[in-house]
Each structure stands twice: as C-alpha cells, then as structure tokens.
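You will see two complexes here that share subunit A, one where it goes with subunit B and one where it goes with subunit C.
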Partner chain A sequence: MELFTPAMQVFFFAALTLSLGVMIYRMIKGPHVLDRVICIDAIALIVICMMAVWELAVGTPYFFDAILVLALVGFLATVALCKYLERGEIID
Partner chain B sequence: MLPVLLLLPFLGAALFYPIYQFRPGDRVPRQLTLITTGAVLVLLAWATFAPGGDAPREFFAEWIPAIGLHVSLWLDGPALFFSWIIAGIGFLIFYYSGHYMDPKDAPWRFYATMLLFMGAMLGVVMSRNVLLMFLFWEVTSLTSFILIGHWHERKSARQGALQALIVTALGGLCLLAGIAGVYWILMDAGLGGPHLLDWDQLWLHRDVITSHGASFVVLVLLLLGAFTKSAQFPFQFWLPGAMEAPTPVSAFLHAATMVKAGIYLLGRLYPVYWAEPSWLLIVGGVGVVTMLIGGFMAIVSTDLKQLLAHSTVSQLGLITAYYGFGHGLVGTEKPLPLDLALIASHALFKGGLFMIVGIIDHGTHTREWPRLGGLRHKMPWTFALTLIGCASMAGFPFTFGFVAKELFLKGALEVSQVHGAAGIFLFVTALLASLFTVAYCIRMVVSPFFGKPRDPSIDAHEGGAGILAAPAVLILLTLLGGLYVPLLERPIATLVEAAHYGKVSGFTVGFFHHVDVLLLLAVILFTGGAAIFLLADRIASAHKVFGSPAPFRRAYEWTFEEAAPAFAAWLCGAVQQPSLQRNIAITSGVAFGLIGFAAIYSGMPFVFEFDVTWLDIMAGGVVIMAGALVLLAIGSKTFVVRLIAISPIGPMVALFYLFYKAPDLALTQILVEVSLVVMLLLLLFRLPQRFVARSTRARRIATAAIAITGGLIMGALTFVGQHSETRGTSIIPGHPPVNQYYLENAFYPPQKFQDNPELAAELNYPGAGHLRSSGGRNVVNVILVDFRGFDTLGEILVLGISAVGLLVLLVLGRDPDKLPDWRSAGRRAVRYISEGYDESKPPAPTVLRRKIGAPPSLIMRETGRFAPAIVLVFAVVLFFAGHNAPGGGFIAGLMSAAAFAILLLSFRKEDIRRLHDFRYLTIIPAGMAVALGTGLVAVAFGLPFLTSGFTYLDVPFYGEVEVTSAIGFDLGVYLTVVGSVILIIKRLGQE
Partner chain C sequence: MTNVLDYFFIGMMFFGLFFIVTAALGLYRFQDLYTRLHATSKGITFGFGALVLGVAFLLGGQGDIAKAVLAVIFQFLTAPVAAHMIARVALRKGIRPVRNPQGDLLDPDTDIISPEPIRRVTIRRSTADGTP
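Let's look at the complex of A and B:
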C-alpha cells in the first residue's frame, strides 16, 4: 500500500494552506506589534512543514537542505525584532 | 632567473601585510627592505659576473599576442647598468632612511611603497618589450604619487603628489599612443611575431619606422612621454613641487631613478631616431632650454632642496641635450653617445647631495641657506662631502662629473661647428646654462658653510656616522670615478656598444692632455660661474620683479586645480539626486526597460498557453499570500511593521522555488532574506520611528508604475523561459539552447570515466583546449563555478567592494562635517536618506522597552552557546557538498555569517570580545586572492583562466567521491562572502 497517496498530499497541503491563511490574516489584523512578530515565526514553521510535505510528495532527498537551513536560521528575524522591541537595541 | 629578480621587490612588499599582522616592531620594515634589496643585488651580481650559460640574461613568455604585449625581459647593457644603479642606490637610500626618517612615521607604508617603486623601476629597465615597459612606467608614476604624498596631512604635499601624478600620467598616455603608433606602423609594413615590440627589433626595423608618414607624430608622442617623466621644458614645474616628499624619496626618485626613466627612454629611442633631422632640434633644443631654466631657478632659490630640484631639472636637460647632439666617439661611423657615463655621474652626485641636504636639515632644522653660515666648523664631514659632490656637479677636474661635462661640451662644440645657426644657438645656450651650474654649485658650497652664521638661533650639529655613511659612499664613488678614468673605459665602452649597436674603437677622455678649446671653455665656465654667483643677489631681485609663477605651471593649476573640480561639482549637483528613492527609481526603471526592450527586440516568443496542475494552484496561492503581505507593508505607517510584513516573504518565495524544484535558489533565498532582515533592523536605529508620507500623488503613481512594469516583465520572462515550447528552442540560431547545453555537459559520470579513458583524457586536462565537462551533478553550482566562473569572480569582487564602501560610509557618515569640502550638492546628498521622512518630529518611543540594560535573555544565552557551532558545521557540510548537491561557497558563506549573527544576538560584546574584535575586513581580499589564485593555477598549466580539473576517487566504505579543483574557487567565494556579510552586520551594529 502506498504510503503517500495523492489524496493525502492534497489533504496535507490544504490544511497547511489554511493555517498559512490564518496566519496571514493575523499578520494583517493583529493590533499589537507582538502579534505580528509571532506570525513571522509561525509562518516560517508552516513553510517548513509545507517543504517537508512537498519533498515527500516528489520523493527526492535534495530538498532537505533547504528545510534544515530554514529551521536553523529562520528564527533570527524574530529574535532580532523581539530584542529590539524589548530593549531598544539589537546588538549590545 | 630574470623573472625572479624582477619579482623579488614585489614579493617583499607583499609580505609586509601578513608580517604586520603579528605586530613586530617598527624596525622590521626597513630590515625587510634591506634584505630584499640585498637579495636583488646578489642576483644581479650573479647575472653580471657568472658565465653566460649559468645565468641566462633573457626571458620570454607569451602573454597577450593580440596587442603584442609579452613578458619579454633582458639584461643587456643599459638594462644591466640601470639595474645596478637602481638596486645599488636603492640599498644605500634604504640604509639612509633608517637614520633619517622618524621610526614611527608610517614605516610599513613607506618601505613597502619604496620596494614597489624599486620593483617597478627594475621592470622599466629590464623590459625588452616596449609595452611591458609602459606598464611598469605607469606603476612608477603611481608609487611616486604615494611616496610624495607621504606626509599627507599637509595640503602642499597632496598638491605636489597630485601634480606629479597628473603630469607624468598624461605623459604616459602620450607614450602609450606613441607605442601604439609604432606597432601600427610595423603592422602596416607587414611585420609581426611575438618579438615585434622588442627594443632590438625596433632598431632592426628602424628604417620602416622612420620612413613612415606618421613617424613624426609618433616621435613627438614618445618624446612627450619622456619629457614629462624627466621634467623637461615645458613640464619641468612638477619636480620642484615634488620636493614635498621626504628626503630619501627625493634622493631616490627624483635624483637617481624615476626621472631617469625618461632619459632611459631617450637612450632606447636614440638608435632608432638619431638620424632624424628633427631629433637634434627637438631633443637638443628642449634639453638646453630646460638646462637654462633649471639653472636660473636654482640660483635664485633659497631652499637648498629646491635648489637641488632645479639643478636636477637642469642636469636632466643636459643629458637630454647630449642625446640631441648625438656626439660620438672618435673613429665610428655612427655617433655613439657615452650617455651612460653622464647618467652614472649624475645619479651618484645628485643622490649623495640630496642625502646631504637631509643631514643639514637634521642638523640645523632648516634648509634655507640665507639662515645658515659657517657650518664647516660644526659639520666638517658634511662640508667635505658637499665640496666633493658640488665639484662633481660643476665638472671640476678629478671628479667623475668632469668626465661627463667634458663629453657634453665636446658634443655641443661639434654641433655648433656642423649645424650652422641652430647649432650655435644650442651651443651658446648650453654654455650659458653651464655657467649657471657652476654658480649654484658654488652657492651650495659657500653659502651654508662659509662666512658667519646668519641666524644665531640655529645650533648646528654634525650627523652621526650612520646617516653620513650612504652619501659618503656615493660621493666617494664620484671621486674615484674621476681619478681612475682609464679603468672605466672598457666597461663603459662595452655597455655603450650594447646599447647603441655599434663598435667602439677607442676613446680618450682625460685631463687636459693638450691645450685646446675645451680647456678654454673650462676656464670660461669657472670664472663666469663665479661671477654669476657673486651677482646672484642682483639676479634674484630681478627675478622677483618679473615674479609670477611660470606660465605652464599656471596653466596646469588653472586646469586641474580650479576648472576641473568646479566642473565636477557642478555635474555632480546636476546629475546626482539627493534622494535615495529617485536614484533607485531611475536605476530600476532603466534596468527593467532595457531588459524588456531586449526581450521584445530579440523576438522572444511570448507564448502564454499553459496547462494548470494543482501544483501551479498551490504556488499561485503562496504568491498571492505573499502579495497580501506586500500590500500590508506598503500600507503601514511605521518602519517596524513594514519590516515585520516583509520578513515572511523570504521563506514563502523559497517554498515557491522548491515547488519548481530549485533547491539551490531556495537555500540562497532563505539565507539572503534572513540576513537582509537583520541588516534592515540594524539600520532601524538610524532612522526616525514614524514618518509622514510626503510623497506626492505623481511620485506614488510613478513608483507603482515602475514596480508593476518591472514585475510584469520579469514574470513574463520567467514564464516564457519555463514554457515547454521555448525550453527547447534557442535564441541564437545554430547553437543549442543554453539550458540544454549545461544540462548535457555539466556532468560526466564516473562509469564513462572508467570505461573510456581516452574520452576522459580528452575532457580533462591536459589536452582539450576547452574543458567541456566538470563532473558535478549540481548544474546550478557547476554553472557558477565552472562554466561561468568569471562572472562569479566579478560578483564577489563587487560584494567585497560594497562591503568596504559601506565601512567607509559608516565611518565618515557619522559626522558630515568631516567630509571634504565638496560643494553643497554633495553635502545635501549625504544628509538625505529618503524624502519620506519628516525629521521635525522626534522619534516616537517603541513599544515595550522594559528591559533596557538587562543581560541577554537566558534562553538566548544558552542557545547561543551551541547553535552557532551547529550552524557552522552545517555550513561546512554545505560547502563541500556544493558540486553534487545543493550547497556551495555562497550558501556556506551566508550560513557562517548567520552563525555570527546568532552570536551577536545572544551575547553582549564583552562576552565575545575576541570573536567580535577580529578584523573580518582581512578575509575579503584573502578570499578574492584564493579565487584568483585558483584561476591562475590553470594558467600555469597553460590552460585558459579558471579551467578546473576533476577526477573520481574511491573512498572505502563510502563509495565514489568527486574531487575537483573548483573547490578552491568556491573557497574564495566563501571567504569573500563571510567577510563581507559579517563586516556589514558587525559594523551596522556598532554605535
């Protein structure tokens, strides 16, 4: 039995796209600036998930580097912004 | 061996920078210089005295056949002679510099530049190929500029350096035009070959050169090059201005070597052009006029160094005139000038006298002779050396200068007897100028050293043995040369024969072996000179009456110091908009327009049919959501919100790339976006928080138009390029489509490698003139480092330059008043960042700010301990994987910079002091050097630049591994990227 049927692919992608849409909505609406900052991180996470699903769908090992890099480095923007908002400076 | 000799000074200078990193003492540069020069002298001695087979005196390597430029070196007569002068006097000057210069006075820069200059000068004289000589010629101009402006805080020094550079560089352009003219004449006559532009070939074909219609123009151009370099009329004004240089520089450059380059050129041109009727008039005329002007200006100078400068001008005029006269030796069919004797004598006494002026300067703190007097009691050795040196300069018997003077006067006499009115004019002017020479020599000896001290505040002290040693050697040589003339006859004759392609049957230069016109002339000279000296005051006051600066200097000053800067400032103000937005709008508008125009003009088929798969719907959805974010960014009022809005766009676009199976692009996109957000955030500091949109409606429409049009054009191009129909077609008929070519040729599988060794040899080096494959499975990376490596080289150069430029801006931009005095338009441009900001309102406070000054968060501190290490390890993995999997130098570099950013965010600067303070600026040129070096390795094997070689290794338990030399190039890319990005982030983050 095939593990990752097209139907499952569609389902996963639909769910993730829905989450993405919700995050974008919050990004636009979020009254407080911190809401928006959280959305950056959340969107990055959702994108990671989508990349992973896509890699499984295509069946190639070569996309994994992109996923790993995004996971390792993608939090920098969030951290820098938080530091700025909290303390007024990013690098001491 | 010859290239080694030539490269030694350059290598020595290149070593300065790495050695400096270890911060040894300030005495080290001089020691290094002395060692390098000593090595050069040893090699030179070996080349001179070793038998012919052991020490080859010629070298040839092909370089650029299309323009006749080849690395063709030789050590023939003049080359050997000049090399000894350059290296020998150089060694003495470097020794002297140690005692003259303040040890803290930028020794590294000083000695490195002096070494570079010496190397360039050696290149000038050792070049057999005329065009190669020109290259080194220009390098001497450049290094002279740096050396004259050594004390660059002084405006007069900067002006003097700039004057010298502009005059000699303009002359250099004329020289280049002249060389091109010669090349063209020779090609016109059907000649060719790699040795076409060699000096001896020029002599062989001299009839062709001189009989061509354009030969006069070519001659004038070449002479302009020589005259500007040797400060001949009307270009003589730059040499006194160059006296702003430290004394060792003046002694080396402007007495012994650089100004001799023009004379050297005249000497090389002499065999070709001496029979031209115009040669006598132009060269001889310019020479004697210069001689006269120089002599006159010398006698009215009050500064001893200026006096020597003018006297150098005058003496160079003498040598120039001697070439013009073409005075020959007894018993030859063609006049062979004993130019080398004159050059040697001048170099010896002039170098020595300049150094002596330096000693006087040290001893009395002044160089103005009206303030000095009676120094011979307090500075006896200096007096003795000055006496002998000036005697040589004046042509007093028993000195080498006497030999030179006698040869010159013989030549002048001959000319006057043979050439009628012109000859008599030349002779009389030469005689008059020689009178001045004697006069200023007497001045230099008598005024400082005899009489009563005129300024009681001066307390003179003699120089030490160290500082006296070098000038003593030179002056003694000029004395010995004069006393032992017969010993010199053979060597000089041999050298001259080689220089001018003739035979010397014998010459007699000696003391007054019989009473003749020459003896009479000598008597006239000395009495007349003494008379002029006594009348000097009257002459000086007459000169003051006529007062104004020389007309040519005034012309130069008006053109280059008044008119050109004013024009440049006007142009800058007119063209450069003081608005970042306007600049970007113009640049991007033109760029998009050109791309669109090119696409339409080239006839790209804009086929817009497609089948839509659910993949395309997905990708479209992602793009639409990214678009929503963009609209949010445009509509928001604060910079923070704008920044937040565009942060997630990076990962989303990376996802889009992954959908279309481009993992390298996705990797790069993620990393660049993250770095961009961090940098923009750092810039946030320097901008006001809230801004009022002051854009007019028209501006907003224009911006939107440019953005939308650009997006549409780029999107259309991408779409059309992806479409299956155009994918298989090619824009250039007859060539395979580009992507197909790369896909087919990028990878050469290891099986085929083993099965078919001949084909493998054909595709790999040495053999194929054009390497068609690379063994890498990652086509994108292969394109970057193999097929289009040259483009990548340019890109990392641009990256490095922009990082350095940012550094300069950050340092200068802190205080706009520190900027040089540009006109107001320039100042406005720096003050404005964008026209959208209303600086009248104070920045609004940010949202939270409750933890100002607190230590970094615990989570970040603990994460920051290991996260950078993980990121770095992954960066290294990506680096090595690059050729066959997604990754590569650029991506690895950005990852490493991200690791550094994590560190900066997690800790305070004091906690990571050593990592923070490391000079990342040095990595940038190191990376560029590595990339260039990898490319040059291929050249060393005789292959085109940047060819890479690859092979497959069998690693036990792992399998097959591809090994390629392109990894060296990738390393260079990596280093440049790491250095640049870390530099930018670090500097932006500093106060």
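Let's look at the complex of A and C:
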C-alpha cells in the first residue's frame, strides 16, 4: 500500500502502543476487579486494531479471520468474568 | 493508482485512531468506574469500527470486506451488552459513583466523594416452588 507511508505506520503504531500502555497501567493500578475487566475488553480491541494496521503495512489480507475470532473471544471473556463476579459460578 | 476514495479511507483510519486515543485518555484520567466504562465502551468500539473498516476497504478484497463488516457488526452488537453487564455487577457490589468531581464550589467543607452510599438494588427472583 503506497498511500500508507512508513511515517504514517510509525505514527499509528506509536499511538496504539501508547493506548495499550495506558490500559496496562490501569490494569495494574485499577482499584477494583471490574476496572481490570474493562481493561481486558479494551486490550482485546487494541490488539485487533494493531493487527489491522500491521496487515495494511505488510499488505497481506490474511488477518481478517483472526480479527473476527478475537472479536468473538473478547466478548466471551468479559461475559464469563462478569457472571463469575456476580454469582460465583459461570454455568448455571 | 491511488484512487480518491483511498484518501477518504486513510482519513477514516485517522478518525478511528483519534477515538481510540481519546478513549485511552479517558481510561487514564477519569476517577470513577462508571465514567471509565463510559469512555472505553463507546470510544474504543467506534474507533475499532472506523479503523478496521478503513483497512478493509483499503486492502479491497470482497471476502475481506465481508469479514471485517461481520466483526464490526458483532462488536457493535456485543459491546453494549458487555458494558451493561459490567455496570450491573458494579452496582450490585455497591461501588459508589463520584457525584461531584471538583467538590462543591459554594461549600468548601464538602467531601469530594459523596458521603452517602448508593441504594443497593435488590432484585427478587421467583423460583419454581414460590420461595423467594
């Protein structure tokens, strides 16, 4: 992709890495468990966005399957953690 | 062979990146679980949609666009559900929201955190034999 210049790639990866660092900070510091659950959901989406930018930088369209699967799995993790925190069991 | 639409898709990616960075800033800066949830569940979902759709339309295969649209539709359907579950668990566990973040300007003695606890939500579930 000739329109997506290397300077633009560096900018995108820097911004996404900054967001990821902020989320890891909140995950370590977060005063409650639910803050960490929010961070898990957000980190999954940031990883998906990094995969999309990497895909555009390399030029291969083969990462969309992984994007689809990760979007599903992140939601499942959030729901399972919330049900566990609410009732103490996941499958009722 | 750069099309005019490619510039539009690059702009769409920058738009999504702006929303993601703003949501991360909100996650860093807000001081309450509910406001942090508000920042991430809307901002990151919208930024993810714009960025992934921009990448898919730039790369251009039809199957890839379909997969990306499916992922974005799924995320837009499930992000409110996840946010609602997190907020419901937080409310049932009794986490207090910050009412007035900067204190009352007229009364300097007011506490920053609101002193009274929020009302606990009790939900009655009817069981099969009628016992609550």
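Heads up, the rule we're going with is that the second predicted complex is superposed on the first by the 90 of 92 C-alpha atoms of A that agree within 3 Å, B and C clash if a C-alpha of one lies under 4 Å from a C-alpha of the other, contacts with A are read in each partner's own complex, and residues count from 1 in each chain.
Everything that follows uses one rule, which is that a contact is a pair of C-beta atoms (placed from the backbone, for glycine too) under 8 Å apart; a residue touches a chain by one contact, two chains touch by 3 or more.
Since we're looking at a predicted model, the values are computed, not measured.
By the touch criterion defined above, A:Leu85 reaches both subunit B and subunit C.
Look at A:Cys49: by the touch rule set out above, it reaches subunit C but stays clear of subunit B. Of the two partner chains placed around the shared chain by superposition, subunit B is the only one that A:Arg36 touches, whereas subunit C remains out of contact.
Once the two complexes are overlaid on the shared chain, A:Leu68 sits against subunit B and subunit C alike.
In the superposition on chain A, contact of A:Ile28 is made with subunit B only, not with subunit C. Of the two partner chains placed by the overlay, only subunit B lies in contact with A:Val58; subunit C stays clear of it. Once the two complexes are overlaid on the shared chain, A:Ala15 sits against subunit C while remaining clear of subunit B.
Residues 32, 34, 37, 39, 48, 55, 65, 68, 72, 79, 83, 85-86 of subunit A are contacted both by subunit B in one complex and by subunit C in the other. Against subunit A, in their complex, subunit C makes its touches with residues 2, 6-7, 10, 13, 16-17, 20-21, 23-25, 27-28, 33, 36-37, 40-41, 44-45, 47-48, 51-52, 55-56, 58-61, 64, 67-68, 70-71, 74-75, 78-79, 81-82, 85-86, 88-90, 92-93, 95.
Those residues of subunit A lying in contact with subunit C across their complex are 1-4, 8, 12, 15-16, 18-19, 22-23, 25-26, 32, 34-35, 37-39, 41-42, 45-46, 48-49, 52-53, 55-56, 59, 61, 64-65, 67-68, 71-72, 75, 78-79, 82-83, 85-86. Across the complex, subunit A is touched by residues 614, 618, 621-622, 625, 628-629, 632, 640-641, 643-645, 647-648, 651-652, 654-655, 658-659, 661, 663, 666-667, 670-671, 674, 677-678, 681-682, 684-685, 846-854, 856, 860, 867, 870-871, 874, 878, 881, 885-887, 891, 895, 898, 901-902, 904-905, 907-909, 989-990 of subunit B. Contact residues on subunit A toward subunit B in their complex (touch as defined above): 10, 13, 17, 20-21, 24, 27-28, 32-34, 36-37, 39-40, 43-44, 47-48, 50-51, 54-55, 58, 60, 62-63, 65-66, 68-70, 72-74, 76-77, 79-81, 83-92.
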